[in-house]
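Two complexes come next, and they have one chain in common, chain A, joined by chain B in the first and chain C in the second.
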Partner chain A sequence: MPVIKVDGKDYEVAEGGNLLESCLGLGLDLPYFCWHPAMGSIGACRQCAVVQYQNEEDTRGRIVMACMTPVTDGAIFDLSGERASGFRQTVVESLMVDHPHDCPVCAEGGECHLQDMTVMTGHRDRHYRGTKKTYRNQYLGPLIHHEMNRCITCYRCTRFYRDYAGGTDLAALAAHDHVYFGRHREGTLESPFAGNLVEVCPTGVFTDKSLVHDYTRKWDLQSAPSVCTSCGVGCNTLPGERYGRLKRIHNRYNPAVNGYFLCDRGRFGGTHVNAESRIDFPAQRDSEGRFQALTDEACARALRDRLQGKRLAGIGSPRAGAEANLLLQRLVGAENYASGMADDEHALMQRALAHLVNSTAHNPSLREIESADAVLLLGEDLTHTAARTALALRQAVRNEAHRLAEELRLAPWQDAAIRNLAQDRRSPLHVVCAGSTDLDDIAAGHYRLVAADQARLASDIAAIIRGEARSDGAAARIAADLLAAERPLVLSGPGAGSAALLDGAAAIAEALVAAGKAAMLSFTAAECNSMGQALLCRDSHIALAALASTDAEVLIILENDLLRRLPMASVEALRARIPTWIGIDCLENDTLARCDLVLPAAAFTETEATYINQEGRAQRAFPTHPPAEARRPAWRWLLDLARAAGDRTLSGIGHFDDIGVTLAGEDPLLQGIASAAPDHSFRSRGLKIPRQPHRYSGRTAMRADVSVHEPRQTDDADSALAFSMEGSATTDRPGALLSYVWSPGWNSNQSLHKFQSEIGGALRGEGSGLRLLDSLAVAAATPAPLPEAFSRREQEWLLQARHHLFGSDELSRLGSGIEALTGRAAIYLHPEDASRLGLEAGDGAVIAGAALEVRLDPSQVPGSAGFSTGYPETLALRSGEWVNIDVASDWQRQPELIGSDRGAAS
Partner chain B sequence: MLRSLISQLRTLGTVLQHSFTRAETVEYPEQKPYLAPRYRGRIVLTRDPDGDERCVACNLCAVACPVDCIALQQGVREDGRWYPEFFRINFSRCIMCGMCEEACPTAAIQLTPDFEMCEYDRQSMVYEKEHLLIDGTGKYHDYNFYRVSGLKIFGKDKGEALNEEPPVDVKSLLP
Partner chain C sequence: MSEQIHSLPADAMVLSDAEIAEIDAEIAHAPYRAAVAIDALKIIQAHRRWVSDECLEALAAYLEMPPAELEGIATFYNLIFRRPVGENVILVCNSVTCWIKGCEGIGAAVSQHLGIEPGETTADGRFTLLPITCLGACDRAPVMMVGEQKFEDVTVERIPAILDHGEGATPG
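Up next, the complex of A and B:
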């Protein structure tokens, strides 16, 4: 390893890095703006200047940019000398010349990298007496607020938005010192990763719009390590709370999963926990059908009356944590317990699980997905079903660029040079999907097929790779690309609703392994704990459709809206069959409205839970704040239910941690869940880990309007975290307990490097969840029959689900700002099909009783119809069904927005 | 040994000496001591020269407060100004140190010399914005934060603040 001399001291540093990341890794403070650990260096901002000397005799040296300087053995640098620090001070002063005087009214203040760097360089007095340049802001949609005056032209925003995330509608515009970062005209930012600009921008040009309108400074936010519940990827998040409201969600670094970035559904969808429709008190339906709130004693009595000596059945939930589901399963018995997924989805997840466990191909983490050098994506519109994985694929196609760079011995952080070198050369990505996808722009080939044909194509590709068949069509091209790669990845999922497709994906991966490739096989999961439910029910469960034929007297429904899983008629039949329904959930829904007893559950920011992501990684989420009113975590309600039912097997459970430990036995799954994070007895240097930063303000005034006598802080007996600012907040606390990132002098999220053992690498405290599938045994899936090839029918259309990042997920669609982006549920038709039906874009069509807006899409396979899945209007529609399409008679076309409408929306 | 004995005796002597000197304390409240005109007492929230509240809810006072007795929540008015939806100070905790005044970037918080705030009920020591806001500019008559700041509000467009050029025409290629 090279040894460099910085300020007269010798340091051993990692090979191949640049001086900036080496210095930061050594714990030396060197200011910078444009460099980003995930995006490399371009040397644009001139802030990380240091003096480099030729040799020991050289006394003059020369100023170099640390981020563009490779570390070589014996190099001599001066970091803190007068010349280097003086230069850096002038750079900041020139950046501040036009900075508006608005830190007090800026949502970045207090976690601003520009503030930190200005203080770090020592610039204080303004010498410039001229006037300041100003800009007009743009409306960038309901999620992001734009304040262009604050810009320091570091180009990080466009480098992230265009180069890293593949967006096209944000650019550096205008000329010379008028350079402007925005859209060619006002409008919502199109990229589903636009929210990351909030964290990528070193100052306050891009800020979180909902936070700007209900603002709290970073030092006042109480936060705890959490896991995003909006899809099955399991990104790590840091929700911030103040006064009982969720204010914002920031990224929590996990090197194996989400790294530095989140998608907008995860970042902005979480504010559904602030919704008006939250349930605060347990309630019982009276004889007139109205709900009456219950006191604690009345609730306990009502539970005893309804549960004692009764036969129970339970429906779990893929959006509830593993522990709550486990308790319900034990309470009602595995043979009376349904996973809560729709029966077809449940079967698909079981199949995906069986393939992942039994395949000889590697089941990759998101980080490993980024290392694939050829990708076949089967049947998933990934940007809408697992957006963060789509962002990982955008990095995977750059492996060709990195290979070219390696040939020229270019370091991987030489971002601009590598992009220049590679131009449009990418590693191959083949997308097989029912319609166009947002990854088509980087795809080597895209194939628009309905699910049945996708499965047939997959089976052809597998046969070609095995050498059993020949063809010169699409299958051969895809097979050739996969065989030419070293680490090919096959990615599929339940989104297309086809079992044969999953089998096909697994067969391709298997064939690639047999051909000597380090092949990877991955499946997406629809919800945050879908894989957990597939694991929990891997031996036995009852199908939702079979519940109506049991003799259960009480049905317990855990955080699940059955109308999203079952047709209305089946729900009504079940309701008529089972006399008592008890529902546990956080937000009002139509299933709770049918229950006899409703128990208010804590939302994901208020409860501890372990979620198992699509990779089979168990990750623990901790409550950000204690639940208000009579809300309680679902696992606590279930313990109450067990007590009321007279179940003694669960009586030994006091702490949250006990659930896994008590019930685990020999089961490797449950043992894994129990050890996903340090337990409640963990202490860092003898102390708990605080949720509040050390400068949390207002403790003696926040609640003074109610009573001037301050209550004691809520105890958290269930975790090693404290609802307090006191404790041990060291930079080496376990990754699973990383409640906030802050380091002296580094108030922004750039302080993260202080928590890493190397830049962009593992956290110093370790811990990025626990992979469960490597140690489990699951029976292999019986192959599904290959479906008939698709042939269109005269008067019927084949339904194909279309997922929408904003709208298809049950809870995130209620997030503030997101409700404005979900739009109406739509039906997608090929223009020729639409004209045959006499429909135009914007017209209404009736499908199985649902009136939907018609959108024309040339990528839709003729004879099929795509529909927005997961919308309240489309819950009755199922992918793969044949339907009639009628013209809606009394349809109101959506009025076109005019300029003045937007003011109300922003 | 001898040295500590001398020390003890000197202490006794000093105490004895003080029995014959004049008392520094006064019979408050009948007798009032002299207070400097800028004596640090209770805070007020002031208004800018245009009569709008100066506080922009930046939270700097709250974070500067050593006893954490200030709590507030920011809101955005229709005209674009940030303001405190509530601004609460618990005077039963306040030590009148003046750190909040020093931290305030808009000269909204100003200390008054009034410190006589005795109450029988501690709850009455909790002051809300309505109790704190006065109808004047206090010590700083001319300062108006939004005239200096680059943020656009109703009645003050981009480029109209102090020392600002008119907004850049991003479509122009002229030098």
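Up next, the complex of A and C:
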């Protein structure tokens, strides 16, 4: 490893890095703006200037940009001398010339990288006396607030938005001293990753709109390590709370999963926890069918009355944590416990699990997905079903660029040079899906097929790779690209609803391994704990459809709206069959409305839970704040239910960690779940880890309208975290307990490097979840029959689900700002099919009783119809069914709004 | 606009046949369509004096590039006009050499003669006054341009004659 001299001291640094990341990795403070650990160097902002000397005799040296300077053995640098620091001070002063100094009214204030760097360089007195530029801001949609005056033109926004995330509608406009970062005209930013601009922008040009409207400074936010519950990827998040409200969600770095970035569903969808439809008190239906709130005692009595000596059945939930599901499974017995996924999805997830466990191909983490040098994506519109994974694929296709760079011995952080070198050359990505996808722009090939034909194509590809078949069509092209790669990735999932497709994906990966490739196989999962439910029910399970034929007297429904899983008629039949329904959930829904007893669950920001992502990685989420009113974590309600039912094993459980201790036994799955994070007894330097930064203010004032006597902070007996600013917040605390990132002088999230063992590497405190599938045994899946090839019918259309990032997920669609983006549920038709039906874009069509907006899409396979899945209007529709399409009679067309109208409305 | 409006493709409807033909001629020499962006903007401006939002979006669609990227190009160059201009654009140089030789008086004289400030267009639509940094004739400073005509060694006294009759333009 090279040894460099900085300010007269020798340091050993990693080979191949640049000086800036080496210095930061060594713990030296060197200011920067345009460099980003995930995006490399372009040397644009000139802020990281240092002096480099030729040799020991050289006394003059020369100014170099640290981010553009490779570290070489024996190199000598002056970081803190007058020349280097004076230069940096001048740079920041010139960047500040047009900056409005509006920190007191800026949402970035207190976590602003520009503030930090200005202070760090020592620039204090303004010499500029001229006028400052003022810009007109743009309406950029309901999620992002725009304030161009604050810009210091570091170009990070467009580098992330365009170069990293593939967005096309944000650009650097104009030139000289009036460069403007915005859209060509006002309107919602189109990229599903636009929210990352909030964290990528070093100052307050792009801020979180819902935070701006409901504002709290970072130092006044209470936060805890959490896991996103909006899809199956399991991105790590840092929700921030004050006054019992979720204010915002920031990224929490996990090197193996989400790295530095989130998708906008995850970032903005979480505020559903502030919805007015939250349940606050337990309630029981009275004789007139109305819900009446219960006191704690009355609730306990009601539970005893309804549960004692009764035969129980339970429906778990793929959006509830593993512990609550486990408790329910134990309480009702595995044979009376349904996973809570729709029966077809449950079967698909079991199949995906069996393939992942039994395949000789590697089941990759998200980080490993980025290393794939050829990708076959089967049946998933990934940007809408697992957006963060789609962002990872956007990096994977750049491996060709990195290969070209390596040939020229260009360092991987030379971002502009590598992009210039590669131009449009990408590693191959082949996308097989029922319609166009948001990855088509980087795809080497895209193939629009309905699920049955997707499965047939997958089977053909596998046969070609095995050498059993030949073709000169799409299958051969795809097979050739996969075989030409070293680390090919096959990615599929339950989104297309086809078991044969999952088998096909696994067969291709297997064939690639047999061909000597380091092949990877990955499946998406729809919800945050879908894989956990597949694991929990791997040996025993009752189908939802079979529940109606049991002799259960009480049905306990955990965080699940059954109308999303079962046809209405089946729900009604089940309701008629089982006399007592007890529902535990956080938001009102149609299932709770059918229950006899409703128990208010803590939302994901209020409960400890372990979620198991699509990779089989168990990750622990901790409550950001205690639940208000009579809301309680689902696992606590289940312990109450167990006590009421007289279950002696479960009744002995006191706090969260006891669940694992009591129930895990020899089960490697449960042992893994229990050890996903340090337990409640963990201490750092003998202290608990605070959720509040040490500058947290107003603890008395914020409830002075109630009482000026400050109550004792809530104890957290269940975890090593405290609802307090007191405790030990060292930078080497375990990653699973990283409640916020802050370091002296580094108030923004850029302080993260202080917590990393190396830039972009592991956290100093380790811990990025626990992979469970590597140590489990699951029976292999019985091959599914290959479906018949699709042939269109004269009067009927084959339904194919279309997933929408904003709208298809049950809870995130209620997030602040997101409800404005979900739009109407739609039916997608090929233009020729639509004209056959006499329908035009924007018309209404009736399918199985649901009135949907017609959208024309030339990529829709003729004879099939895509529908917005997961919308309240489309819950009755099932992918793979044949339906009639009729013209809706009294349909109101959506009025067209222009951007400024929406701006005025928001 | 006297030229016939082009009918297809839908997004390009605002571009005329003549414009499309000229742009196509440029595309024939380019490795990919978006490569002719600057020339295409100049073609549209030659036909219409300026590039409207509608034209920009239509052109972006025609060149198969994001409108934001084309807007980035259009706004980078100060001689691509994204707002309406008069029949003659007056460019008065305010760069170092012209400044030494008294261009401030020149600009003021133009303003006074036409009754417009820099950035404005006369009510009759004949003139738009814009400052510019260097017209490449520093040896004959102060310099200004009116439409396609260049005027060198300009004096305040010459302004009325230049603007009213185009007197004293440098041949070339």
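Keep in mind that, in the parts below, the second predicted complex is superposed on the first by the 899 of 906 C-alpha atoms of A that agree within 3 Å, B and C clash if a C-alpha of one lies under 4 Å from a C-alpha of the other, contacts with A are read in each partner's own complex, and residues count from 1 in each chain.
Just so it is clear, a residue touches a chain if its C-beta (ideal position, glycine included) is under 8 Å from a C-beta of that chain, and two chains touch if they have at least 3 such contacts.
What you see is a predicted model; the values in this text were computed from it and never measured.
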Exercise for review: Scan A:568 for contacts with chain B and chain C and give back first, second, both or neither.
Suggested key: neither
Review point. Given the touch rule stated above, what does A:172 touch, chain B (first), chain C (second), both, or neither?
Key: second
Exercise for review: Figure out whether A:717 sits in contact with chain B (first) or chain C (second), or with both, or with neither.
Suggested key: neither
Review point. Once the shared chain is lined up, is A:484 touching chain B (first), chain C (second), both, or neither of them?
Key: neither
Review point. Which of the two partners, first being chain B and second being chain C, lies in contact with A:628: first, second, both, or neither?
Key: neither
Exercise for review: Applying the touch criterion given at the start, work out whether A:887 contacts chain B, chain C, both or neither, answering first, second, both or neither.
Suggested key: neither
Check your understanding: Which chain, chain B or chain C, is in touch with more residues of chain A?
Key -> B
Check your understanding: Where does A:185 make contact in the superposed view: on chain B (first), on chain C (second), on both, or on neither?
Key -> second
Practice item. Starting from the residues of chain A touching chain B, keep only those that also touch chain C in the other complex, and list them. Key: 173-175, 180
**Study point:** chain A residues touching chain B - in the complex, by the definition given at the top
**Key:** 100-105, 109-110, 130-137, 147, 149-150, 173-176, 178, 180, 182, 212-217, 219-220, 242-243, 695-702, 704-705, 707-709
Practice item. Spell out the part of chain A that touches chain C in their complex, as residue ranges. Key: 168-175, 180, 183-185
Check your understanding: Given the complex with chain A, which residues does chain B contribute to the contact?
Key -> 56-60, 62-63, 65, 67-76, 82, 86, 88-90, 92-93, 105-106, 122-123, 125-126, 128, 145, 148-152, 158-159, 161, 163-173, 175
Point to revise | chain A-touching residues of chain C, taken from the complex the two chains share | key: 53, 56-57, 60, 66-72, 75-78
